[in-house]
Structures are given as structure tokens and as C-alpha cells.
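Pasting a structure here, questions to come.
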């Protein structure tokens, strides 16, 4: 169970530290014949790039991706696709002062406990930069899903106490929101809230929602590899995620069966449809043809410049105030990461599900 | 990605349908030399057995487990442990009337879409009886963890709108609660609520909480196999789970960093401790030595005798009222399943983590 | 890496000891809609059943298989297929005398070293009876392959120094050969040889060859999951196998490129064919459309009644003569095991390979 | 089953094509605290570097390795180690002439059949350059094994008809042999043979033998993950390997039990030892404490300048003579690849085996 490898048929292996030479991912199991350019992947990386507005760290990283293998004459070849992004700000000196201190809310203490020591430069492998490999792989998965008629919309649902409202929701408005909120009013309120937190040298959490459209019914592998289980587990693997829910989610626990069940009916085209979607598009771990709706809760950025009590490696109690400027919220930059994890998971599950029926296998081999 | 196999070093393969001949599990990777009897496993199965009180289906199933392999002279041998439970009520005739109908909230429609047809007897593999294999494997995992000083407490946290309160919480009271609630008053209120739902031919959802004590810091494999990601994904694989959260969970999204971060301090014994546990015992995907606290939200039982609109296999709209008596709530019987999944996941992660450090490996091989 | 689970898309988990309650296998990932009866599986088990002639142990085991799950109304449902065979001769008393002694050529010593103790009754999990699960799974795989137009012929190629000749080879004659040799003359010679070995209280090894016809070009996953690598590794997992080769095999090491290369030509139907098959049907780890030809070398049965020097658990040197009657050769009973492992491997690889091309995936989902 | 990922606890993901930008490997699961430098890995790459003598292709590739992640202050951190080697001769123009032709003995035809098209430049992913990732990972595995007291000796056993003799075998002489033969006389004879083959525009195959010393008894996971099965499967995954055998290997099939069994005795130190090693160090899939002895047969290089009959992509018959200079034999350069695969396999198995016994696990966690 080497922790940086994920998937069965569509397998990604990410690597790299915040201040190492480079970060990247190897994608194995991408089908041959998919058109793929560095630009396809760059678009995804740009969505998580730092320094795009006042709510994200101004660390200057161009984060340009290179395709090192697996693509020939503009198309994937079926062999592993190796993608790399070079780090440019590698000054480890900046971190010497906190090399021995365990920052609250970070993995410093647990990494030391697990491995005996750690790469303390900017969190090393525990840094948010680790998600570069996820986003790069996600760009490929989204392209594959697009070929199958599947699209994904991901956005910030709430920041601190400020949530978008379903009435005002407008995906177009997300483009102008520095917080990726598809609701202009909520976005402005959230900006106010965030600026207040920044003034207080504090940070905020939030919730990201992801809606997947166009998934045919029948995707997902009962029992342990249920589609929702795979999605939830993989979203939970994103740093700072503390909760995941699907459809009605935690609210379902407070409902009665008659409220929560989705009835079936025949639509005008003679197709089976559901009259509501409390289930979030998945029944018994298998897609039911409705939109898949999933949410992830992100904790507030642990790096804050307010003073905090902690200890160092030698067991001395210390007061720490984390200098430099850090993201007061990671949610907007994490939107593309959530989308990527959903896409990678779904691709793997769709591929795995191709062998569910003998009649379809026979047809495939004819 | 065959969906009924789980784990890497401690691997479980469950099998069986609600009304097939038997259900069971093969546990591969259990270390040799663990004392294990059928009674150890039976205790876990008894916790999920139907018909124990008025809030669970009266289906009469003794659910006695047999150990078919892997144990010799009272001890595990290191070879696969095969466990089986025979079904006694196999009358498929009872289900002919709903064989073609898609019950709302069930996997009937999606199983048909995936596999082309399905075993319609009592849900087949999608039945709650599928969890027999999970509980049987969980009993073994709990025994292993016990040897390492790890204990797990799992209980019903809420049923519908009724939640236990932290002041009244008393694990002793759980034993007398037919709902597995460790709070006498809340349990009585929840019984009232449930009886009302039953009168309304309706059902209820709820939340289960699990607290793991005694896990040393350092367990969990970043990046994709983080301890919380593995726990969340595997809990989500339990039928009816719609949300999972750890520590502060979804509430963390509404907090600021200064509220949510857990400070470190030195305790009287010179050990590093956290002054709070918003993180739920896991930082950066690795255990931090505090209790691991995880919750799963269960949707209300979809089988209700109130009338519901639906369709059948031939695309005809139907009104269905699900006869017989069904659990008005599955949460109390699912408590042991949650505990089992947590134990199975943790065992696998602890085993996987044994190779994290070269110095410890060298010592092991000396 | 729990050792009793094999495969990715078509996964088998075998379990059981020689003298435990039962042996069996769980097959996960079998597609839905395949007609399957106990009789289909029984045929394979009967091919490895003991006591069928003087060259196999007369241990009386009916070895009747039961299907416990995964089949409904005569067809597979896509859920795990659990198969079990009950042991009838469970007297562990017979083995007390050799419980502490390390039999030469057996796994007694290494099992003790690995696990600290072992189930000494008849070899426990190391017994040849472990292959019951393999053969049962193989029966299913062969059925699947049959649906895709693939057939497998497996036979004894040599016993001790006696080999079949390509001129005399006649698959029909295999049915009458108690040694599964498709060459009447060679079979008779081999019987003479074996009887001599039995008189000498000794045993013999041999070679099994397997020819797979009807595999389309394009099956196999470079780099590590090459079709030949998967076949070889899985054949090597059968107890007593000490070598595996494909096509020209070890002889290829002595040839020059001009001798060993297979030229391509266009056949009368305008299809690409090879003018020879030194490669054994696999190029670069991928099937080339020719017959796949693979051989496994089996060591002589280690259980012999001649006296041998050994030691016991307490480090005392002993002379051992293994009583009772044992197979003087396991090759004829292993023929079905080889066939099963080839079928299981090939099924898994065919399933995995369905996602190799984007155009085919798109077509599949249309 | 993405084919370029291997292992469970020690996982390697290789990537790269012969004429792409770079080749490399990501090693996940390497324990923290191992001293590791680029030079450690370079030594292994240099052993397979082309152009070192007249028996290997003079293609000029410096093949310098870069460590991109996973090492901090000279030690591994427990996070993925990403290694890359840049290609310098990327002129695809050289290969246009054979872009459509299926070279006999190569994967050209099967890659096209599998993926619909292929990277035709120098074999793309099917090139021998793919083994760069294997050797780089092998260097790390060998370092780990060295810490556990395990050493590996690998050498050319035979080239065409010329074999080393056990009497003349001298590991010291391997250093001066351009063919990696530890027998000066045999090496000279083999050089004569090779020069003759080169004059004939032909090529030769050979056999590589690998001896692993210092493995404690108890390593290997029955049933499917037997140590010999894992070694054999992984060696077979090296391009050009057509056979693998362990200990007595194919010869064992011709022996009787009394000849092939290895007796046990007590040595002067009161340890259990075997009086012979026909088994090649593995019994029942588990190491027995003797040297592990394994051999792989390599087919002759398929690229020869003699004329061969073949076809092209359009189904036209062609005569091909492969220009340029190619290795007349790949065996000497493959020695380090065999050693690497053995080391990678053994490391993974040793890691997996750490959870075999409950008593040892308890001790580890104390």
C-alpha cells in the first residue's frame, strides 16, 4: 500500500515535494488514441496556480508542465504518460527557523513520528503543492470523460458562514468570482468575510461541491468499490478535507424514508427517470443516471500569523507565528483538485466496469 | 477492481446473497499465532442479528458462523481464514411479486442496469445481509488491534432529530439501549420518535460515531492512502451511508484557523500532546496519538410500507407498498458494521506502515 | 500482498487446508449472464481427483463442489461466486508421528520458519489439495474463454526421461492415457518407468505443455504485466513447478536471430500470419494471434517411502521414510491445474485489456 | 492492471520511450532514512549503458540519472523517489523508413494490434531502453537488501552454445569479461562465437544466472505470491526472456525424488542446514536459508542485418535488413536488469512478510 499510487485500470503515481526539484505524476492505463497536448494539462494547473488574487499566497511559481512520455504525434500511445513541473523557488534556508517546530494543524509532528525525520521545507510532501500531480492527472481524466459525454462542474459552495443560494446560483458568475463561487452576491459577502479574517491574521474553511452530468446508469462496483465509496475516499485523500457527503448527505440522517426516497417515473422519451435526487445520483453504489452530487468540507488553512502555542522536536514549548503570506483560504484553489479527483475516480470505475456483462464482452471481442 | 475484495496486507473477500445458500468472507493476511474461536466472531454477528427488539426486522436467522479454514488448534495459522454463515430462510417465492419492480431508494434499478438482470430475492447481494462478511472480518481485526493496545467504541449518535448530548454520554448506558445510544434520555426520546415513524409506516436515518483509542502516532500512508481517506472510503462502502466526517468534520468548514487548530504541549510525563482534538486524531493523513473520531450518516431505511410511486422493468408506472416488517431504522444494527470497517481499515494500515523506516526494518530482521 | 488472492479484474481468493473442514475459492469479477452449473466445475475437479489409477494416491475424497453464491437461476449474477469442497478424511491423528519432522522437499521447515508453527496434517495449506480452489476457478475461466472462441489443450509432455514425440502426438490418445499423454507409445513407456520408480520406493517429475488457440492479437499489458510474464508467474505459483518456458523457451538461448525470428506473411485470406512460431504466440508481451505455447517443469513428488536424512523441530537428526501411499508423480493430476492457471490469467488479461484504445471505449459506451 | 506499475509495498512505476524526451521510474514505498545518492543509481545504469565494447550498440547515450524527489539531505524521506534520465538522440527521422514495417521478433505488429498505432522510433516503449527504470529502481532495492545482509551475484551463464563451467567459475574474472562471464576461458570462446555471428549479420541468445545470498528462511507468501513465482513472473517481464527456472529447474523434471530432495542436517553451530540445494533456496514458495539460484533464458537479438521476410502495415510483403549497428547479444547488458528485478521482487516480498506473525508484530509496536 504505497500511498502515492492510486487506481486499478487508470493508475496515477504522484511524486514531489514543495521545495524539491520538481513535482509530477505518471499516468498508466490511459487508452491510446486520445489527443493530448501540454496545453490541455496546463489549463488545469493554472486553475490551482498561486498568486492569482489577494486570497492566495503570492509565491511566484510558473508551474509549467512538461510531457515526458506517452504522447506521440499529438496522441496518447497507451504507454505511461509522465508529467513534470519544475520548482523554481527552492530556497530551503527560509524554512530553517521552523525546521524543528511542529506547526499546529500541519503534518509536521506526524511525519516526524512516522518517518523519523522529514523534509521541513514548506511542508515537503505534505504541502498543497503535492496536488499538482493530481490536477495534471485530472486534466487527462476529464478529457477521457468528455469523449464519453460526461461533464463536471465544480465550485465553491461556502466559505466560512457564507453559502451560495440555490436561487442565485449561476455557473457563469463563477468565472468572475476570485473565490470560484457561482453566485455573485455570496461571493462578495465571502470576500468581505475573508478580508476580515486576514485582518485578524486568521484563516477560513469552506465547502466545495461537484456535479457530474452524463454518467449512464450502471457505473460502480459493489461492495467495497462502490462508486460513492471510491469518490468519497479519494476526495478525503486531499489534504484539509474533513468531511464528504453525497446527495442529501448528513441531512439524510434526519429525514424519514418517505422524504428521502426518490420515486421513479417514465419520462416523455420512455426512459426511466427519478422524480428527485436525494440520493445524489448513486443507488447501492452504482450510478442511477441522475447527476452525481458530492461535497467536500475543507478545514481552515492551518498556517496563520496569529500566535499559537506549540512544541518543538526537542519537547520545548514554543509560541509560533507563521510569517510570510499564506492562503487565508485554500478552497478556491482546491476546486480543480476536487474536480480532478472525481474525474480520476470515475474514469477508473468506468474502465473497471467494462467487464460486468458477458454479452457486452462477447460483442466487444467480435 | 473486483468490488468485493478489500485491503492490501489484511485482505477480506466477502461473498453471498440475502437468500442464497450462505454468506461469508475469506480473510487473507491475518498473522499467525492469534487465538481465535468461532465464539469470538459470533459475538460480532450477534450484534447485527435481526429480531432482537421491536426496531429491527423479525426475520428469524440464527446466523451461526463456521470457521472453515485458517485456524489450527485454536490459533490462526497465517493462511486464509474462511468464515461462512448459512441462510435458513431461502424462500424466493416471497419475492416474486416485486421481482420486476424497482423499489425507490434501493439498488434494484441500478443492479439491473449494470448486470442486465439481478437476484431479486431480498435485494440479493445489495441486501444488508452482505455486511455479515464485514462483521465477521471485523471481529478478527478487533482482536488483532486489541493485542496492540487499541480499543474501539462505536455507538449511535443520533436518530432522526434526536441526538445524544456530550454531558449525558455514558457508554455503560449503551448496553441497555435497544438503539445503541450511550445516553439513556436520548435513547428514550429516539424510541418515541421511531414508534411514531413506524405508526406512519415510515422509517428514520441516523448517525453513528466511532472513537478509536490507543493508536500510536505515525499510522497512515500519505498521499492517497491517508488513514482518514481509507477510513472514510471504507465506511462509505457500507450500504446507506451518505456522509462521513472526521473530528470537527463539516463544522470545520465554518471555523477559522485559530479556532480549529489543535495546539501542542508537553504533558506531565514529558510526552507531546494536543490541547484539543478538532482534527479527530489525524494530521496529514497520519495518526497523531489522540483518539480517532469518525462519524457516518445513514439514510433512512428505504423499505417503507407507505405507498410510493415507481416503475417496473417493463417501463410501467406502479404504486408500491413494501409489505412484511422491515427495520424502521438500520442504525443500531449497523453499529457493529461501522466498528468492523474501522477495525479492518486500521489493521491494514498498521500492517502497511511497518516498512516506513529503514532503522526499524533492520531491527526487525536482526 | 496477501498470497492467496490473485488477479485484478478477474480475482480469485482460494482457501483451505488438506485436513481442515473444507477448501474453496471466491471468484470476484466474473461477468453476469454466464451459464454456470456445479457440473461445469465438477468436471474440472474430477480431472484432479485422487485415486483414479495406480499412479495417484488412493486417498478417498469425493471432492464434490457446492456453489454457495453468485449464481441465480442458472446464470452468474456478477457478484462473487463462492465455491466449496468439503474434506471427508480429517483424521489429524495419522500425522502426529511426523508433526515435528521436516520432510525433505516439503514446505514443513519453511512454514515453521515463517509462521512460528504450522498445520502439520498432510501439509496443511502447502498440500496439493490447495489446488482445488485453482481448478474450480479455472473451470469458470475456461467457460468465459470458450464464449470468446478460445480453447486450451493441456497435456503431459514428459515423465522422467520419457517424452512424447511430435510425430506421434494425438490429442485423442490422451483420454486413454492414465498419465494424460497424447502419445500412446510414450504413455506406455512412461508407465513402465513409473512402475520401476514405485518399486524403488521413489518418484518422478515431468513436464506439462499447454497450447492456447484462438487468442486474437493484442492481449497483454506491457511492461510488467506482459502476457507471458503473467502466465509464467502464475504457473510458477503451482507447487512443485521449478521452471516455465514459452515457445522455444530455453532452447532460444542457443539459437541465432535468423533461426529464432518468426517471419510474417500474408495468408490466402489477406491476414497477417507468422511463418513459424518460435515465439510461442507472444511478442513484446502481447499475443500475436498464433497459438500460445507454454511449458512447466514439475519436480518429482517429494514424498517417497525410501529412507531420507532429515531433522526435527528440536534440531535432532532423524531418518524418515514416508509411509502410506503417495502419488509417485503429480504431473497427470496437475494437468488441469496448469490449464486452470492459464485460463484464469488469460481471462484477467483480456478483461484488463479492454481499455487499451479510446475508440473502442467510445464505441462500447455508445 | 496498468502494466507499468509493479509491487505492493515497494512499488515501482516506470515510464518512457526509446526516443521520447526522457525515461524514468517512480519508487514508492522506499523506507525513510536510507542513504541514497545519484551515484548509487548511476552505477547500475552504467552497467547497462550501450557502447562499452564491440558487442553492444554504439549508440551514444550518457544516461545520467537525476533524483527529482524523495531524498533530502542525502537520505530517503519515505516519500516517492522520482528518477529521470534524459534522452539525447531523439531523431525520429532515422526510423521513418521502417515506421510501417513489422520487424520479425519485435513487438511492432502486436503493439499496432493492441493500440491501433505506435511510437515507431526505435521500438518506443518496447525498446530495451525501457529497462533504465528497472535498473534505477533496482539500485535502490539492492541498497535496502544490503542493509539486511543480503547480496546478489548475477552473471552470464551461457552465450549461444558456450557455457561457463562450475570448475572454472570465478566471480573476479567477470570484471574483465566484456560479456560478464565469470570464467575467462568460456568468455573468450563466447567472444569468438559472437564475432562469427556478427560476421554472419546474425545475433545470439544466452542465459543469465543470479545467486542471492543471505536471505533468512521464511520469506515468500504462499499461495500465489510464492517467492519463486514472484521472481519468475518479474524476470519474465524483461523483454526477450523466454524461460525461467529455479534451482535444478527443468532438469528436476527428469530426476527422481530421492535424487532431487535436499536432506536436512544440523551444522556445527546447531543450525538447520540442507545437504544440497536442488531446490534453489525455496521450498513451498518460501526461502529456506540456502542461496536462491535462478536463471533466465534470453532469445537472440531480433534486430539482424541479414535479410528477413516480413509484411508492412498495409499488408504488403517486404524484405527487410535492419541497418545501423545493433547489439549482437543483449545478455551482458541485461545482467544488471536481471539483478534489479530480483532485488525489487525480494524487497517487496520481505516487506510484505513483516506481518506474518502476531508475536513479531506486537514486539514491533512495543
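Lettered A, B, C and D in written order, each chain numbered from 1.
Just so we're on the same page, contacts are C-beta pairs under 8 Å (C-beta built on N, C-alpha and C of every residue); 3 or more make two chains touch, one makes a residue touch a chain.
Note that the structure is a prediction, hence the values are computed from the model and not measured.
Asks: Can you check which chain pair, A-C or B-C, has more C-beta pairs in contact?
Replies: The greater number of contacts lies at B-C.
Asks: Return the distance between the CA-based centres of subunit A and subunit C, expressed in whole Å.
Replies: Here the centre of subunit C sits 45 Å away from the centre of subunit A.
Asks: Suppose each chain is reduced to the average of its Cα coordinates; what separation in Å results between subunit A and subunit B?
Replies: Roughly 26 Å, centre to centre.
Asks: Distance-wise, how many Å sit between the C-alpha centres of subunit B and subunit C, to the nearest whole number?
Replies: For subunit B versus subunit C, the centre distance works out to 38 Å.
Asks: Can you list the residues of subunit B that touch 2 or more other chains?
Replies: 1-5, 8-10, 14, 29, 32-33, 78-79, 114-116, 125, 216, 222, 352, 356-357, 359
Asks: Given which chains touch which, is the overall layout a line, a ring, a star, complete, or other?
Replies: Shape of the chain contacts: complete, all pairs touching.
Asks: Can you name the residues of subunit C that touch subunit B in the complex?
Replies: Where subunit C meets subunit B, its residues are 1-5, 7-11, 13-17, 20-24, 26, 28-29, 32-33, 66-70, 72, 75, 77-82, 84, 114-119, 121, 124-125.
Asks: Under the touch definition given earlier, write down the residues of subunit A that touch subunit C in their complex.
Replies: Within the complex, subunit A touches subunit C at residues 8-10, 29, 31-34, 76, 78-79, 144, 147-149, 216, 222, 350-352, 354-362, 364-365.
Asks: How about subunit B: which of its residues touch subunit A in the complex?
Replies: Touch residues, subunit B against subunit A: 1-6, 8-9, 14, 102, 104-107, 109-111, 113-116, 125-126, 130, 158, 160-161, 197, 200, 202-207, 216-226, 228-230, 232-234, 236-237, 239, 242-250, 252-266, 270, 272, 275, 278-280, 282-289, 297-304, 306, 308-311, 315-317, 348-349, 352-353, 356-357, 359.
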